[in-house]
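In order of appearance the chains are A, B, C, D and E, and numbering begins at 1 in each one.
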Amino acid sequence: MNLVPPDVNYYSMLPFITVLLTAVFATILPFYVSRKAIAGLSAVGLLVALAASIGLWNTNLSSFYGAYRADNFALGFGIVLIVGALIAVISSVDVAKRGGTMQAEFFAILLYAVSGTMLLASAHDLIVLLIGFEVMSLGVYVLSSFKETSNSEEAGLKYFLLGSFASAILIFGIALVFGATGKFGLEAINTAVLSPEFKNSSIAAVGALFILIGFSFKVAMAPFHQWTPDVYTGAPTVVTQFMSVAVKAAAFAGFLHIFGLALQNVSGWQTPLQFLIALTLMIGNLSALRQSNLKRMLAYSSVAHAGYVGLAVLASPSQGFSSALYYLGIYTLMNAGAFAVLNVLSKDEDGLEIESLAGLGSSKPLLAATLTFFLLSLAGIPPLGGFIGKYLIFSAAASSGYYGLVILAALTSAVSLAYYLRPIGLMYFRPRVTVLPDFSGRSTRVLLLVCAAGVLILGLVPNAVYGLLELVKK
Amino acid sequence: MVVFVILAVLAIAGALGTITFKSGIYSALSLVGTLLTLAMMYVTLHAQFLASVQVMVYAGAIMVLFLFVIMLLNESQMSGADPLPWVQPVAIAGGIVMAAALAFTAFQFKAPKNLETATAALQGGTPGVIGETLFTKFLLPFEAVSILLLIAVVGAVSLVHRQPAHNEALETTSEHATDDAYADEVSSSNPAKVVA
Amino acid sequence: MDFLNHNLFALMPVLPLLGWLVLIVWGKNMKEPTPGIIASSLVFLSFVLAIVGFVQVSPMKEPLLNTLRWDFLPMWVLEKGQLVSKPLQFGFALDHLSSIMTLIITGIGFLIHVFAIGYMQHDKGFSRFFAYLNFFIGMMLILVLADSYPVLFIGWEGVGVASYLLIGFWYTDRKNSDAARKAFIVNRIGDAFLMLGMFLLFMTFQTLNIHEINSSFGSVVIPNVTTISTGIAYGSPPLELAALFLLLGAAGKSAQLPLSTWLPDAMAGPTPVSALIHAATMVTAGVYLVARSHGIFANAPGASSWVMWIGALTAVYGALSAIAQTDIKKILAYSTVSQLGYMFIAVGSGAYWVGIFHVATHAFFKALLFLSSGSVIHALDGEQDVRQMGGLREKLPTTHIVSLIGTLAIAGIIPLAGFFSKDAILSSAFTSPFGGEFSGYLIWAIGLIVAFLTAGYMWRWYTLVFLGTYRGHAHPHESSSVMTIPLWILAGLSVVGGFIGLPHFLGKNVNWLEHFLEEAAPNAIGFREIPIWGEAILIALALAAAIGGILFSRWIIARDGAKSAGWIATPFGNASRKALFLDQTYDVAVSAPAKFVSEQLELADTHGLDRGIGAIANGTVEAGASLSVWQSGFVRAYAVAVLLGTAILVGYLALRSFA
Amino acid sequence: MVETQYYIALAAILFSIGAVGFLTRRSAIQMFLCVELMLNAANLALVAFSRAWGDLIAQSAVFIILTLAAAEVAIGLGIIVAIFKKRPTTNVDVLSSLKG
Amino acid sequence: MIHLIIFIPLLFALIALFFRGQARASVSIFAALSSFALTAVVWMFKIDTVYRTPWIPGAGVFYSVTFDGPSLLLALVATLMTSMTLIYFSFRKDSHQAEGMYPLALAMLTGLLGIFAARDLILFYVFFEATLVPSLFMLGLYGRKNRVRALTKMALYTIFGGLLMLVSIIGTKYYTNSPSFDFLELFGRTNQLDLETQTWLFLGFLAAFAVKLPLFPLHNWLPDFHAENHPSGVADVMGTLYKVGGYGLFRFALPLFPAAAQNLQWVFMFLAAFTALYGAWIAFSSKDFKRLLAYAGLSHMGLVALGMFSLNPIGMAGALFLLAFQGVYSSALFLIVGMLEERLNKDSHNEKTTSQALEIGHVRGLAASAPAFAGVTLLLWFASIGVPGLAGFVGEFSIFLGAYQANPWATALAVSTVIASAAFALTAYQRTWLEEATTSIPELNAKDWFVLAPILAVTVFFGVFSGSALKLLEPSVQAVAGLLGGK
C-alpha cells in the first residue's frame, strides 16, 4: 500500500484550534468554575484566536493538501467571525439576570459553532466545507431552542427541520457536482470544469443550483428565507445576534468559495441567483416596513442585507470577495451592535416593540445614540461604514454588469430608510411613553462604543482595512 | 439490470411507504426497508464497506433511535383538520416537477470513464481501501467530523438542561451559585454524559 | 481732467441716490424742512450737471461714454466658433437724446421737489417722502443714461419700485397699498416683455449695448434691402418681434393699452408724485425706450405701425375715460394716458424727435396741471371731487392763472407748448412711412378727434374747478410761495416750450429739436412729403379741433349745469367714468382666474400631490403587509416555498438544457 | 453492469419523494424521516458516481455523510423530544405562533 | 488650508457638545466665522490647488478636493450665512431650548463645504448624503408638530434620488473603464459612451439633483420641510444652503454627459420653467410665511435649473450666481420670519400661537411701528423677486438671457415668473406690513442689525458690482460650456 503521508500544518490551523480548545475547556470546566469565568475564558480564547489570525496574515499557509487554507480571505472571515462571536459573548454577560444564555453549555456550544464557521471559511474542499456547515448549523439549532419558552422551541424546531431539509438539498448538490467533476476540492473542481474532457455541464449546473439553494437558505435569501424572521424572533436575543452576523458571514464565506472558486465557470446558477437576489431585496425590505417588533424588523433587515451581499457573490471574484468581506465586517459591527442595544433593552427574549423606544434619546442617551449610529449605518448613510460596504458591493456588481440588480438594490435600500429611520425618529422626536428595562453594564457599554467607533472608522478611513483586503483578490 | 429494477422498485415502494403511512412506526419501518435495499444496491456498486455500515449504523442504530423516540413520545394519530390542505397537491406537483427534471438531467450524465476499469479501481470498496483513503486524502474531514459528533453530544445534553420558562427560581438559586456551574442548574443531570 | 470730463455726468444719478441713502438712514432725526432742502439741492446739483452735460455733448456726434465701468452681467459670444467671454459692463452714455431727458428729469424734478416741501409739510413721513423722491430721480437718471439695455432695466424697474413706494406712501390705507401693488405688478408684465425683447436682441445682435445695436444698422437704411451689417433684414421677423416685445415693455411703463389700468389708480399717491412720476417723467420712459431703440423700430415697419395703433387707441381710450371723471386727479390721469398715446403715435410714426418733443411739452404742462390740482387739493384740505369745487378763481388766483395756461397748453391753443407738439404729432402720423397711407390718415383722424376731446374734458376740468361758484365746505387759501414759484416757472415753460420744435413751414432750420436729435434719434426713412400749404391746413384743422372742443364743452356745461349730472347719467357717461370697464374686464378675465388657479394649485400641491405620493408609499407598505400573509408561521408552508423554489429553478435548468 | 444514469435517476426519485413527504407529513418525526430519505438519496448518488469515476473518495464522503446524519439525528431527536415531551402530539402545525 | 476650512466646523461641533449655553454659542460662532475667514483668505490669495490623495484606492476612490471659482463662491456664502445665522440664533430668547442647533448647523456646514470642494464622485456623494443627517436631526429635534412626517418625506425623497445617483456614479466608472472616480479622470471618457448609456447615467444623477433642487414633481418634501422646522429659521437657512442640486448639475452631470444633456435639454428646460412658474403661482395662495418662502425657493430653483439646462455659458453663470446669492437673501428672509415670529409669538412651545405668528396677514400694518424692519424686509423681497440693482437680478437675468438663446418658448414660460413672483411677494408683504396697524412690534435692535447689515450689504453690493463674483465663475463656466458645444 502506498500510504500518502498526511500533510498537517498546525500553524495554519492555529485560530481554529484555539477556538476548538476553548470550546472543549468550556465544556469541561463548568464543573469547576463559575459561569462568569467561562464567559471570560471564552472571550480570552476568542481574543487569542483573533491575535493568531492577525499573526497569520499574509503567510498564506495551508494544510491537508490545500483542503484547509489560512489565506487572507479565510483569515479575514475568521476575524469577522471571531468578532461576531466576541460581541455575542460580551452581550450575553449583562443579560445573565434575564437568563437564557448563561447556562454553562451556552459558551461551549457557541464556541463549537464558531469553530464550525471558521472551518467553513477556511475549507477548500466540499466535504470539509459541509462539515463546517453542519457543525455551525447543529450548534445554532441547539442555541435557538435554548430557552424553554414556546417561542424559543418553535424557533429551534422550525430552524432544525427546515435546516436539515436544506442540508439534504445541499448534500445532494455536492453529490451531483462530484458526479460531474469527480472532485471535491474547490480548485480541482474548477480545473475539471475547465478541462477539455468536461462533459457533464448539465449535471454540474443542477448540482450548483442545489448547492446554491442550500446556501441561500442559510444566508436567508428569498424564497428560502422564511425561517429567518420566525427563528430570529423566537431565539434568545444573543443567539439571534450571533446568527445574524457570524452564521451569515460564515455561510457567505462558503458561498463565495464555492461559487467564486469552484463553480465560477459553471453556467446556469447565475440567472437563478439574480432572481433570488431580486426577490430577497424586495421581500426583505418590504416586509420590514410593517414590523412593529424591533427584533423582527431587524430579522427582515438581515434578509435584505443577504440580498446585498448576494450581489457580491454574483460579481466577479476579484471584486466580489473583498467587497463581501468588507461588507460583512461592517455588517457584523453594526448589526450585532443594534442587537446588543436591543438585547439590553428588552425585558425578555421576545424583543421589544418599536413604539416603546419613544423618548429613549433623552432617557438613555448612550444606548439611543449608538443604536442611531447602527441603524443609520445599516441604512447606508454616508460616511458610516454601512455606506462604504454598500458602495463596494454595488460597485463590484455593476462592474460585472449586473446593472438592473444594482438599481433595484439602490431603490430598495431607499425604501429601507423608512424602517431604519422610524426607531430613530421615535427615540429622539417623541416623548417617552414606556419605561424600558436597562440591563446594560459596563461591558455592554464599552462594546457598543467600540462597535460604533468601528462603524465610523470603517466609514471614514475605509482603506485602513480595505487596503489589506486588496490582497484577498485572487 | 433485473436486480437493479427489483431493488429500485423496492426502494421506491419503501420511500412511498415512508411518506404515506400515517403511523410513525410504519413510516419508520418502511424507511428501514428502503435503507436495506440501498445497502444491497451499494454492494452492486462495489461499496461493500458502506453497505455494511448502512445496515449497521443507519438501518440499525439510527432507525432504532427513531423508533425509540416515536414510542417515547407515544404519538397518537394527527388530530384535527389539516390547517394547510393546499400543501399536499402543491407538494406533489412540485415533487413531480423536481423528480422529472432531475431524472431528465440524470440521463444526460455521460460516463467519464469506462465503467469496467473504473469499477476495478474501487477494489470492491472494502474497509481496507476506504480506511486508507480516510487516513490519507480524507484525513481532515475524518478528523473534523469528530467535532460534529462532539457538538451533537454536547448539544443533545444541553437540550435536556434547558432553562425553564420562568426563571425567577433560577435567579434565586444562582445567587448561591457554586463553582460548579452545572451542578446548580439541574441536579439530576449526569455530568459524566458530557465527558463522553 | 479727462477722467472728470468723461465721468462727471455719471455723477447725476449718484447724487440723488446719495440723498436717498442719507435720508433713509438719518432722515428721521432731521427737522422738517431739512430733508426737503437736502433732497432738492441734490437734485438741483444734478440739474447743474445735466446742463454741463448738455453743453459738453451738444457739439459731439458720438455719445459720451463714461470710463469708470465694471463687469455687470456675464456674457459670452461666439467668435469664429470660439466662446469668448465679454461681460456686459455697467456703464453710462450721454448723447443728445439722453441729455434732453436728463434736463427734463432734473429740471422738473427739482421744481417738484421744491413744491413738495410746501405740499408735504407736517406729514409724518416727510423725510421718507423725499428719500423716495430722490431715489426715483436717481433711478430715472440711470434709465436714461444707461448705455445698455440691462442697465436701462435697472432704472426701469428702479423707477417702478419708487413708484410702488410713492403710490403706497400712505400705506395704512389699504386702497393705496392695493394701488401701489397693482402698479408694480402691471409694470412687471411689461417688464417681462421688455426682458424677452432684450433676449431676442442679444440673440440677433450678440450684444445688448444700445449704441452698438443702433449703429449696427448703418447710417442709411433703404426699405426692403438688406443693408444691416449683421445681416438682419429690414422688417425681418426677429427685428419685428423684438420691437414688439419692446413695445409691450414700453406699454407697461407708459400705461398704454392693454396695460393702462394701473395709472389712474396710481393717483392714490401724493400729488407731487403724480406730477413727477405719473405725468412728467416715469410714464414717458416707454416713449424714451422706443426713441432710444430707434434703430430697431425704424427697421421694423410692422412693429412701428403697431406702436402707432396702440398709441392711437390709447389716446382715444384715455380721452373717452377722462370725460366723465369726477376726481380732479383722475381726469388728469386719464388725460395723461391719452397724451402718452399721442407720444406713441409720434414714435411709432418714425419721427422720434416728435415723441421726445411731446414728452418735454407734456412734462411742462402736465406737471403744471398736477401741481395746480395739488395746490387746489392742498387748499381744500384734501378734497378731490370736482363737484365739490368751483369758483376758485378768486380764492386761488395764482393757481387759477397757471391752471388756465396749462389747460390751454394741453388743449393745443396757439402759441402754447401743446399746440406745437400736438401739431407735429398729427403731421408725422399723416406722413408716416409705416403702416401705409390709409392707416396714417386714419390715425391722423383719430388724433384730431382726441384733440377735440382733450380740449373738451380739460375745459370741463377747468370750469368745474375754477369757474362758477364754490360748492364745497372747506376754506380755500392760496398756497405758500414755495409752491407757487414752481408753478410759475412751469407755466412759463408751458408757454414757451413749444418753440424748440417749430413746424417746417416756418422755415427749414427753425426746428431746433429735430436738428439737435438727428444724430441720437434720427427720423425713420421714407416720410411722405406734403406741400407747405398742406401742412398749414393740418395745423389749422388741429387748432379748429381744439377750439371746437372748448366750445362744445362750454355748451354742455351750460346745458347741464356745473355738476353735469345730465349726460353723465347716460350709459356713455357711466362707461366713461368706469374707464370703459377695462378694470372690471381684467378682474374677471385675468385676476380672478389666476387667483383661483393659484388656490387650486396650492390645495392640489399640499393635499393632492401629497396624497398621490402618500398612496405610492402606502402601496409599498401594503405590499410589505401582504407578504406577511405568506409568512404564515407554518413550517410546512415555508418548506413549500423551498421545494417550489427548488423545483422551479431545477425545472428551468432542465428546460434550458432541453432547449 | 447497470449504467450510472439509472442509479442517479433512482436517487433523484427517492430525493423527490423525500422532499414531498417532508411537506405532506405533519408529524415532526416523520418529516425528519423524510430528510433521512433525502440524505440517503444523495448517498446513493455519491456511491454511483464513485463507481463511475472509479474513485474511492466519494465512498469515504458517504461515510462522512453517514456520520453527519447520525449527528443530525442526535440533535434533531433531542430537540424533538425536548419540545414534544410536554405536548400531546408531534404535530408541527401547533408551533405556528411566530408569523407575519 | 482647504481641509481646515472643511473640517473646522465639524471639529468644533464636537467640541461644542462639551459646552452649554453661551459658551457653546461662542464656540460655534467662532468656528463658523473662522471657516468664513479662511475661505475669504483662499479667495484673496486665489488658492485653487487640487489636493488629491487615495481614500479607497482599491475601489478607485480619492479624497480629492479643491475650491475653484464656483465652489469658492458657494463656500463663501455658506460660511457667511451660517455664521450670521448662528449669531442670530444666539440672540434669540429661546436659543437655550434648542442648543443642539449649533453643532448640527456646524456639522451641516462641513457637509456643505465638502460638497462644494469634492472632485471625486464618491466623495461628493458621501458629503451629499451625510449632510442630510444633521438636517434631519434639526427637523426632528426642534421641528413642529408634524415634523416626523416632513422628515420622513424629505429623507425618502433625498435618499431615493441619492441612491440612483450612486448607481449612476458606479456605472459611470464601470462603463468608462476609468481607474478612479476622480472627476478629471472620468471626464473625457464619458463622451465616448453611446447616447443611450449616457442618458441613463445622466438620469441617475438627475434623480438626486432634481430632488435636491427641487424640480417639479419631486418638490413635495420642500414645503413641509420648511413649514415644520423650528420657527427660528436656522434650519431653514441651512436647508436653503443645502439646495445644491444645481451645483451638482453644473459640476458633474452636465460635463460628464454632454450628449445626454443636449438630447434631453428641451424636456428639462420646460420642466424647470414650469417649476419656476408653479412655485411662484402657488406661493400666491400660501397662508404661512414658511410655506411661502418654500414655494418662492422652489421657484428660484426652477430658474436655476433652467439656467443649467440652457447649457449656455450665460445661463449657467447666471444659475450659479443665483444659486449662491439666493443663499443670502432667501436665507435672510427666513431669518426675518424668525425675528418676526420672535416678536409676535408669546409662547414658542404653543403650536397655535406659533402658527399664528407665522400666518400671513394675521397681524397687519407692522410698518407703522417698525418701519426699518419693514424696509429691510421689502428690500430682501425685492432682491428675491429679481429687482435689478440687487443681487437677485444678475442671476435671474443671465439665466433668462442664456435660456432664451437655447429655448425661447420655455424661457417665455419662465419669464412669466417675474410677474407671479412680484404678485405673491408684494401681496404677502402688504398683508403683514402695510395697511391699518392691528398691533405694534419692537423695531429692529442693534443685535438684529448686526446680523442683517452684512447680509444687506452683500445683497446690494453684488447687485451692482457683480463683477468680482462673476470673475470667480467665468473660467469654470467657460470650460463647461465649451464641452457642451458652446451654444
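Annotations for the structure displayed:
Keep in mind that, in the parts below, a contact is a pair of C-beta atoms (placed from the backbone, for glycine too) under 8 Å apart; a residue touches a chain by one contact, two chains touch by 3 or more.
Worth saying up front: this structure is predicted, and the values here are computed from it rather than measured.
Considering the contact criterion stated above, the chains in touch with chain B and with chain C alike are A, D. Listed here as common contacts of chain B and chain E: A, C.
A summary of chain positions shows that the Cα centroid lying nearest the centre of all protein Cα atoms is that of chain E. Taking each chain's centre as the mean of its CA atoms, C is the chain most distant from chain D. Per-pair counts of C-beta contacts peak for the chains B-D. Chain centres here are Cα means. That of chain B falls 6 Å from that of chain D. Centre-to-centre separation between chain A and chain E, using Cα means, comes to 42 Å. Rounded to whole angstrom, the centroid-to-centroid distance between chain A and chain B, based on C-alpha atoms, equals 27 Å.
Each chain gets one centre point, the mean of its Cα atoms, and the points for chain C and chain D are 95 Å apart. Contact of a single residue of chain D with at least two other chains is seen at positions 4, 8, 11, 15, 18-20, 22-23, 26, 31-32, 43, 48, 52-53, 55, 57, 61, 64, 68, 71-72, 75, 78-80, 82, 92-93, 95-100.
Shared contact sites, meaning residues of chain C that touch two or more other chains, fall at 617, 628, 631-637, 639-640, 643-644, 646, 650, 653-654, 657. Within chain A, the positions touching two or more other chains are listed as 127, 131, 134, 138, 141-142, 145, 150, 157-158, 161, 165, 169, 179, 182, 202, 206, 229-230, 418. Chain pairs that touch one another are A-B, A-C, A-D, A-E, B-C, B-D, C-D, C-E.
For chain A in complex with chain C, the residues that touch the partner chain are 157-158, 161-162, 165-166, 169, 202, 205-206, 209-210, 213, 217, 223-224, 226-227, 229-230, 268, 271-272, 275, 283, 285-290, 415, 418. Those residues of chain D that touch chain C in the shared complex are 19-20, 22-23, 26, 31, 92-93, 95-100. Residue ranges on chain A touching chain D, taken from their complex, read 127, 130-131, 134, 138, 141-142, 145, 150-151, 153-158, 160-161, 164-165, 167-169, 171-172, 174-176, 178-179, 182, 184, 229-230, 233-234, 291, 296. Contact residues of chain B toward chain D in the complex are 1, 4, 8, 11-12, 15-16, 18-19, 24, 27-28, 31, 34-35, 38, 41-42, 44-47, 49-50, 53-54, 57-58, 61-62, 65-66, 69-70, 72-73, 75-76, 78-79, 82-84, 87-88, 90-92, 94-96, 98-99, 102-103, 105-107, 109, 111-113, 115-123, 125, 129-130, 133-134, 137-138, 141-142, 145, 148-149, 151-153, 155-156, 159-160, 162. Across the complex, chain A meets chain B through its residues 1, 3-6, 8, 20, 24, 27-28, 30-35, 38, 63-65, 67-68, 97-100, 102-106, 108-109, 112-113, 115-116, 119, 125, 127-128, 131-132, 134-135, 138-139, 141-142, 145-150, 179, 182, 197, 199-200, 202-203, 206.
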